[in-house]
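Next up: some structures, all given as C-alpha cells.
Consider the two complexes below, in which chain A is the common component and chain B and chain C are the respective partners.
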Partner chain A sequence: MDSLFSQLSVLGSSLVLLFGLILLWRRGISAYVGAFAAQSMVLSAVIAIVGYFGNDHELYWVAGTLFLLKGLVIPRLLRRMERRFAVEREMEPYVNTASSLVVSGLLVLFGYMVTRPLVGLSQLPTRAGMPLAMGLVLVSLFVVISRKKALTQVIGFLMLENGLALLAVLGTYGIPLIVELGVALDVLMGFLVMQIFVYRIHETFESIDVEQLNRLRY
Partner chain B sequence: MSPFALLLGPPLLAAVLAAVVVPYRPLVGWTGALLSLSSVGAALVFWSRLLAGDVPTSGPGEFLRADALSTLLALCVSVVGALAAWLGPGMGEDDGYEPAQARRFRIFSSLFTFTMLFAVTANNVGFMWIAIEATTITSAMLIPLHVTKASVEASWKYILIGSIGIALAFGGTVLGYFDFVNMAGRQDAALHWTVLRASAAHLHPEVIKLAFVFILVGYGTKAGLAPMHTWLPDAHSEAPAPLSAMMSGVLLAVALYAVMRWEAVVNATVGTGFTDGLYITLGVLSVAIAAFSLVIQRNYKRMLAYSSIEHTGLICVGLALGPLGTFAAMLHLLNHTLAKSMMFFLAGRVLHRYGTTEIARVSGLLKVMPWTGGLFAAGILAVVGLPPFGLFVSEFALFRAGFSVGRPWLVALILALLAVAFVSMIGHLNRMLYGVPTAGVRTGEDRLWPLIPLGLCATTLVVLGITLPAPLETLLRQIVAIVER
Partner chain C sequence: MGYVLEVAQAALALALAPGLAGLIRWLKARLQNRRGAPVWQPYWELAKLFQKEVVVSSNASWLFRAAPFIVFASTTAVTFLVPILAVPLPFDGLGDLLVVVYLLLLSTFFLSLGGLDPGSPFGGMGASREMTVAALAEPTVALAIFALALAAGSTNLGQIVARTMADPGAFLSPGHLLAFGALFIVTLAETGRLPIDNPATHLELTMIHEAMVLEYSGRYLALIEWAAAVKLFIFFALLGNLFIPWGVSVVLTPTTVAVAVASLLVKLVVLAAVVAVLETRIAKLRLFRVPELLSVSFVLALLAVTSSFLLK
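Coming up: the complex of A and B.
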C-alpha cells in the first residue's frame, strides 16, 4: 500500500516537473497555457492522492480549490489574454532552447542537493518527490528571468507557486487549511493584478515585450 | 473595545468608505484621516501595556499578539499611515489629482496600511506571509496613479520581483513548518510564532537553516536588500509621494520584521552565528551598492530610494552585532521611518512645484520654498547621520556594538561607505538648495499646514538625537530579549 502511494506521488511529481519544462522548448504562448493547466490538474490529483492515502480529508478541499482556480479559472483568463496578444510569440528569449534545457538539468540536480537533508529527515512515503518540487521551483525562477514576454513571466511565476504547493504537500501533507485558503485567495488576487498590468503594458507600449521596459536605470 | 479592533478596524473602515462613496468627496478623506489616529492610539495602548509587563493578545490561540517588536512596528506603520491619510491626495484645495485618483488612493492606501498592521500583529507566520503578500498587491495598484511609461514599467518590475520574492519566503515558511511537523507531528498551532519559538531548540538545524535562507532572500527582496533591490529605486521614484513615504518608511521595515521573527526561531535552534554571517554579507553589500549609486544619482527621488537601501543594509548589519547591535538597529529603524517618510513627502512638494525629479533642474529651493527647502535640508542632514538628529545616535550605537563584538574592520568598512554616501548626498543637496531659482518656477509656499506634521517628525528626530526616553529604552530592551537569547 505504502509503496503504491510512494510510486504514485513520485509519478505525479515527475509529471508536474515535466509540464514545467515545456516552457523551455515550446514558443507559442498557447502551449504554455495548456502546460500550466495540465500541470495544475496533475498537482491537484497529487494532493487528492496524498489526502486519500494519508487519510486527511481536508486535503480534498485544497485539491478542489486548486483544480478550480489554477486548472480552470486562471487558464481561462490566460487564454483570453493570449487571444489579445496572439501575434506575440516568445521568439528570441535571452537564453536559447538548447542552453535552457542544459541549465534546467543542472537546476534539477541542484534541487536534489538542496533537499537532501529534507529527504533524509522525513519519514513520509512521499518524500522522494520533494527534490522534483524544488527542481520545479528553480526551473520556474529561471524561466522568469530568461524570457521576454510579460505573459510568459506570469506563467513562470504561477508554475513557481505550483512547485511550492507540491513541496508543501509532499513534505508535510499540506499546511493548515485556513492558511492554505488565505494563500489561494492571495494567488488569485495577485494574478488579477498582474493581469491588469499586462494589459496596461500592452496599452502603453503597444507590445508585451519586457525588453522595452528600460527607461529606468541607475 | 479591544485595542486590536481599534488598530485594525479604522483603516479597513476607511477603505470601505472610500470605495462606497462615488464620486470622491473631501469628507471621505477627512474621515479617513481622523480614523487613522485611532490606530496610532491603539499602538500607544499596546506600548503602555508592555511597560506594565503585560503582552496584549486577542482571539483564539493568541491569533493576534503585540509584543515589543510588533508594537514598535505597529507604531511606525500607524504613524506613517496617518501622515499619508492627512497629507495624501484629496485633502487640499488643489493638489493636481482628479477625484477618481483621490478615491483610488484612499481605497488602496488604507488597505495597504491595514495589511501592514495585520502583518506585524498576526501571531501565525502563515498569516504574516499572507498579509505581506497582500501589501504587494495593494501598493502596486497605487504606483501608476498617473499612468506613464515609466510608472507602468516601475510597477511591473515591483509586482513581478516582489511576488517572486514573497513566493520564496512562502517556500521558507513551508520548510520551517516541515521541520516542526517532523518533530512534533501535525497540529493547527504549528505555524504560531509562539509555538515555533518555544519548540525551536528541538528543530533540525540543517532544515531550519535552509528555511532561513529562503526567508531572508524572500522577505529581503521586499526589504530592498542587495542584490534583490533592483525594483526599489524604480518603484519609490515613480510612486506618488505619500506611497513612496509608506513604502520607504515602513514597508521595508515590515519585511525586515518578518525576517526577525524567523531569526528569533533560528537563533534559538542553531545559535546566532549563522544568521549573523548572512546579515553581514547582505547588509554590507546593500550599503556598498547604495553608496556608489548615490554618487552617480541625477534624480532626487531615486537618491532618497538608494538612501533607504543604505539604511536597510545598516539595520541588517546591526542585527548581526549582538544584543547592543539589535538595540541600535531597532532605534535606527524608528529614526529611519521618521526621517525617510518626511523626506518623501517633502520631495513630493518639490516635485509638484518644479515639475521635475532631476536634481540639475531644481535650484534655488531655499528661495522658492523657504520652509520646505529648510526642512528638506534638515532631513538630508538627518539621513546622512549628522547630529543633533536621532540617526547619528543610532549609527554611533551601531559602531560601538561593532567594536564590542570584536569586528573593528567591519565598522571601518561601513564608515568608509557611509562617508561616500555622505559626500554625494550633501553635494546633491547643495545643488538643489542654492543658486538662482529655475526660470518659470513660482516663488512662495502654497499651503503651510502640511508642514506642521512633517515638522513634528523633524522635532522628534532631534529629541531622539539628544535623549533616549525611558519608555522607548524599555521597549527596545524587550525587543532585544525577544530576538537574542
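Coming up: the complex of A and C.
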C-alpha cells in the first residue's frame, strides 16, 4: 500500500516537473498555457492522492479549489491574454533553449542535493517526490530570470507557486484548508495584478518584451 | 542450445527488419489516405538492389567500398547482444550496453566516412549533420539505459531485462518512464525518422541519412539500407524489451520461445503504429532546432539516471 502510494506520488511529481520543463523547451505561449493547465491538474491529482492515502479529507477540498482555480480559471484568463499577444513568441531568451535545458537538468540535481537532509529526516512515503518539487521551484525561478516576455514570466511565477504547493503537500501532507484558501486567493490576486501590468507594458511599448523596460531609465 | 537461439534471434532480426520498415511505410500511407506499397516492398527493393550494377565515383577510395560492409557487420553484431527473444544469452558476457552503444556509433561513423569519401557536397553535408545528431544522441542512449542499469545493478542488458521482470513495480517508477521517453526521442533521431530526418524522400535540402548515402548504388546501397532497417529493429527491440520486458523467454522451452516471438511481434507492431501516427501528425523540425529536441531527451535521460540513483 505504502509502496504504491510513494510510487504514485513520485510519478505525479515527475509529471509536474516535466510540464515545468516545457516552458524552457517550447516557444509558443499557447504551449505554455497548456503545460500550466496540465501541470495544475496533475498537481491537484497528487494532492487528492495524498488526501486519500493520508486519510486527510480536507485535502480533497484543497485539490478541488486548485483544480478549479489553476486548472480552469487561470488558464482561461491566460488564453484570453494569449489571443491578444499571440504574435509575441519567446524567440530570443537570454539563455538559448539547449543550454536552458541542460541548466534545468543541473538545477534538478541541485534540488536533489539541497533536499537531501530533508528527505533523510522525513519518514513519509511521499518523501521521494520532494527533490522533484524543489527542482520545479528552481527551474521556474530560472524561467522567470531567463525569459524576456512578460507572459512567460507570469507563467513561470505561477509554476513556481505550483512547485511550492507540491513541496508543502509532499513534505507535510498539506497545509490547513484555510491557509491553502488564503494562498489560492493570493495567487489569483497576484495574477490579476500581473495581468494589469502586462497590459500596461503592452500599451506603453507595444510589446510584452520586458527588456523594453530598460528604456525607462532614459 | 543458447547459441542456436543466439543465431536464431540475429537471423530473425535480419529477416524481420525490412518488413518493419515496410510496415511503418504502409501504416503511414494508410493514415494519409494513400493505398501504399505492400509491407514486403522493402524486400523486393533489397533483392533488386543486390542484382544491380555498382557505380562508384572515380574519386572514391577503398574506404567507400569497405564502409557498407563495416556498417552492416557492426549493426548485425549488435543483434547478437541485444535481448530480442530470450535472456540470459550466452553472448551476454561478451558485451554490455556500452558495447552496443559503441557498435552502433561505429556504424554511424563509417557511414559518415563513406559519405565524405567521394567528395560530393551532399555527402559532406549529410555526414556533418549525422555527426551533429550522433554526438547528441549517443550519450543519451547510454544514459537512458544507464538509468535502468543502475536499478538493476548491472550494465548487462540481459540482467536489466531479468530484473525488470522480477520487479513489475519498477515499470512505473519515474526513472523508467523518463528513460523510455528519452530513448524514444533518440530512436527517432538515430534511425532518421521525422521530426529529425525525413525517411520518405531524398529531395530535401535538409536530409541527413539520404544525403550521406546518395553516392551509393547497387549492393552497397542494399547493405546500407538493410543495416538502417536493422538499426530501427534494434532500437524498437530495446524500447520494447528493456522497458516492457514481459514475454521475453527466461527458460528455454518451445512454448516460451513461441510466446517471446509473438510478444516481440506485438511490441514491434505497436511501436510501428506509434511512429507512423507521430510521423503523420508532426512536421519536420528545422535543422537548427534538432539540438533542442535532443537536449530535451538528454535532460530526460539525466533526470532518469538521477531519480533511479537517488531513489534506490
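In the analysis below, the second predicted complex is superposed on the first by the 214 of 218 C-alpha atoms of A that agree within 3 Å, B and C clash if a C-alpha of one lies under 4 Å from a C-alpha of the other, contacts with A are read in each partner's own complex, and residues count from 1 in each chain.
Throughout what follows, contacts are C-beta pairs under 8 Å (C-beta built on N, C-alpha and C of every residue); 3 or more make two chains touch, one makes a residue touch a chain.
Remember, predicted model here, so these are calculated numbers, not experimental data.
With chain A as the common reference, the superposed partners chain B and chain C fit together side by side.
By the document's definition of touching, of the two partners only chain B reaches A:168; chain C does not.
When the two complexes are overlaid on their common chain A, residue A:123 makes contact with chain B while staying clear of chain C. Contact comparison for chain A: of chain B and chain C, B touches the greater number of residues. In the superposed model, A:131 lies in contact with chain C only, and not with chain B. Within the superposed three-chain model, A:5 lies out of touch with both chain B and chain C [touch as defined at top]. For the combined arrangement built by superposing the two complexes, chain A sits at the apex of an angle of 150 degrees to chain B and chain C, based on C-alpha centres and given in steps of 10. Contacts of A:210 after superposition on the shared chain: chain B is touched, whereas chain C is not.
Of the two partner chains placed by the overlay, neither chain B nor chain C lies in contact with A:60. Of the two partner chains placed around the shared chain by superposition, chain B is the only one that A:190 touches, whereas chain C remains out of contact. Once both complexes are placed on a shared chain A, the shortest Cα to Cα gap between chain B and chain C comes to 19 Å.
The residues of chain B lying in touch with chain A in their complex are 124, 126-127, 129-130, 133-134, 136-137, 140-141, 144, 147-150, 152-157, 159-160, 163-164, 167, 170-171, 173-175, 177-179, 181-182, 186, 188, 190-191, 204, 206-207, 210, 233-234, 237-238, 293, 296-298, 302.
Chain A makes touch with chain C in their complex at residues 3, 7, 10-11, 13-14, 17-18, 21, 25, 97-98, 101-102, 104-105, 108-109, 112, 128, 131-132. Of all residues in chain A, only 114, 117-118, 121-123, 137, 141, 144, 150, 153, 157, 160-161, 164, 167-168, 171-173, 175-176, 178-179, 182-183, 185-186, 189-190, 193-194, 196-197, 200-201, 204-205, 210, 213-216, 218 touch chain B in the complex they form.
Of all the residues in chain C, the ones that touch chain A in their complex are 169, 172-174, 177-178, 289, 291-292, 295-296, 298-299, 302-303, 306-307, 310-311.
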